[in-house]
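For reference, chains read A, B and C in written order, and residue numbers begin at 1 within each chain.
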Amino acid sequence: MTEFPLKLWGHYVRLTARWPSIGSLAPFLPVIAAWWIVTELQIFPRVFLPGPGEVVRSFGSLVYTGILPEYLQDSLVRLVVGAFWGVAIGVPLGILIGLSPRAHSALWPPLLFFQAIGDIAWLPILVIWFGYGLVTVTVVIVYTVIFPVIINTVLGVRSIPITLHRAALSLGASRARMIWEVILPGALPNIMTGMRNGLGYGWRALIATEIIVGTSGIGFMMFDARRAGSVVEILLGMIILGILWYIVDSWILAPVERATGQRWGLVTR
Amino acid sequence: MKRHWSTSLLRFCAPFAVLLVLWAVLVPYFDVNPRLFPHLMSVVRAGIEGIQDGTLIQHIGASLLRVAVGTVLALLVAIPMGVAMGISPVVSAFLTPLFRFFSVLAGIAWIPIATLWFGYGFGAITFIIFNAVFFIVTYNTLLGVSTIPLHVRNAAASLGAGRWAMLTEVLLPGALPNIVTGIRTGLGFAWRGLIAAEMIATNAGLGYMLFVARDFYKTEVIVLGMVVIGILWLLLDRLLLAPIERSTIERWGMVQRA
Amino acid sequence: MKDLVIRNLSKTYFDAYAGTQVTAVRDISLSVAEGDFISIVGPSGCGKSTILNMIAGFIPHSSGEILVGGKPVKGPGRDRGVVFQSFALFPWRTVLENVAFGPKMRGVGRAEREKIAHEYLALAKLSEAAGRYPNELSGGMQQRVGVVRALANEPDVLLMDEPFASVDAQTRMTLQEELTRIWEAKRPTVIFITHDVAEAVFLANRVVALSKGRVLDEIAVDLPRPRVWDELNEDDRFKSMTGRVLQLVRSA
């Protein structure tokens, strides 16, 4: 009697074993179905909660008019630029702090404090200095990305066994060579974790900045729609945000993070 | 090597002392426009005024209250849900992608829709804070419960633990490292979401204080606000989160010392 | 202490990936008298852990019956104590609190149950470790805690699932001798699962050889007690019994 459900479950297990992405997508189907049912039954007024159909239609028209791709591009470009600078500044700083106890005692407390202030709190003064443009947004993203990157880089540098340092020294490596040949590769798994976290925070910071002081981008689109009272675009924006990040994180960042750790036989946790 | 806490505190404050001195000296030296960056003394004065006429205290109080209410509500719902979902491996495997997805949207991304649904004010902000904490804590609790080794759960069963004992003696302590990580991250999201929400959706609180000051170029208020925000979070971390972690999960050997 | 009877025990389960039913344990019958010590020996995958899990009540059995003191088994309970290969100590509780856990579940008051716990810790010569946390102890010490934690609850049957497989060879020998000493003091009914034939013969009164879910043979071990490795390693009867069991298990 339990044969049929068991067979079905067997099929599901085999399917997800071959294509794991199905396992990450399948749970959303009941949610979308429930959403559709709730909106069809008009439990909340249509103005407050539009259904999946309207969201998809809005997606279509925004893509057609070119608005969505343009906003998306704006957001992504800002994120990439900000993330790049965040990593470019954060990794060297992290290595310095990780290697030098003096740098650590001088820089670590201010680091914690400025991290505690948070990116959002900087917005008012950044707007005074740089106005409402690209510079403000980029600075916020750099600020957000830099802390996870530095912290994880420090962790990575410190977790390199001292025996590796000694091996390199006994083989004649200079300070500079040491950093390039030993420290960077040794800390790389943690640096990748830091970059992944940093990008996650950076993504959120970008949206927040676009909501508060933006003139284009997905966050701005959501805030603008709110001003016009149109919930559809807000929902669309949120869904796009979630999907984009989910894709980038699960299918690009996480595998890269795993691959660097695994290929070199290093344990990151 | 155990250091007395006063020594640690001094070492922590030393770099700030240097920074404060630099601030007090360089800003007047380079004749920086006070509309761009305030003098140290004007910030101190603004702080004293704010305490004396009560406005600073009011804003701090409003912000902290919202965070507290939103967080407590979220924890009351998230932890039981996370435990219930984490017990069954099938349920937790199925629901994990969902919660990971919603964790990304935590907090700030909900501001537009929250203000549409709840208008401006306490409701919208509490919703955003609830949101910021809820998804990430549920996800982490789920993760924590589902990674308790089966043997430990079996051991408790073979020692006669009933359902309630299993929950309080095994599931909750076992998931605690993940729960605390979730709370720490969630609070971070909540705090930032709070400031952001206060900037656009209300008329009290630290975010509001910052945003209004910007309109009037009162940089000393802005910097004061930023410093207060930084100090508040540090206090929250050192006085609330770190002690919990130290006396529980670090002592149990379940995580390395932070 | 009670006796344990297993009749025609079988376990089949559905392998989702292969899409078929798999039989892990086939028609096993066994009885263990009160206060007896039997070892179940077999290669990996022969079903011995499955049998133990079924007796313990962690997994349901497909057919047959398991009777403790004449009563059928329904799920885990304090009448069947378990010692796990991975120790399964509660990392958030001290050693003393771990050992006192069983009595606590029974509702024994704090002073009383701590007294019981101290007694059993003394039996295992672990009294100084009472206030420490499991992660501060070595593997061998942790497993000793695991053993007395199960014993302190005075189960009718003690089930031990390859308990010494995760410790180094020297510690293992010490633990085996310790176990026989504790057993002679308290005389619980013990079922000891292992893949190590010498260990099985060293510890038990009876060795059950298992392979592919079936019982191959039962061998009585009437070596005198107390048993000590230095002596038994030279003993001819020990060597011949071990040899016989090994042959059985390897040839199947």
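By definition in this document, contacts are C-beta pairs under 8 Å (C-beta built on N, C-alpha and C of every residue); 3 or more make two chains touch, one makes a residue touch a chain.
Remember, predicted model here, so these are calculated numbers, not experimental data.
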| item | value |
| --- | --- |
| Top chain pair, ranked by how many C-beta pairs fall in contact | A-B |
| Chain whose average C-alpha position is farthest from chain B's own | C |
| Between chain A and chain C, centroid-to-centroid distance (C-alpha), Å | 49 |
| Whole-Å separation of chain centres (CA-atom averages), chain A against chain B | 19 |
| Contact footprint of chain A on chain B as seen in their complex | 11-16, 19, 35-36, 93-98, 100-102, 104-113, 115-117, 189, 191-192, 195-196, 199-200, 206-207, 210-211, 213-214, 217, 219, 222-223, 225-227, 229-234, 237 |
| Residues of chain C that touch chain A when the two form their complex | 14, 16-17, 19 |
| Residues on chain A engaged by chain C in the complex (per definition of touch) | 6-7, 9-10, 13-14, 17 |
| Residue ranges of chain A in contact with chain B within the complex | 23-28, 31, 48, 105-107, 109-110, 112-114, 116-125, 127-129, 200, 203-204, 207-208, 211-212, 219, 222-223, 225-226, 229, 231, 234-235, 237-238, 241-242, 245-246, 249 |
| Contact set on chain B toward chain C in their complex | 149, 151-152, 154-162, 165, 169-170, 173-174, 176, 248, 251-254 |
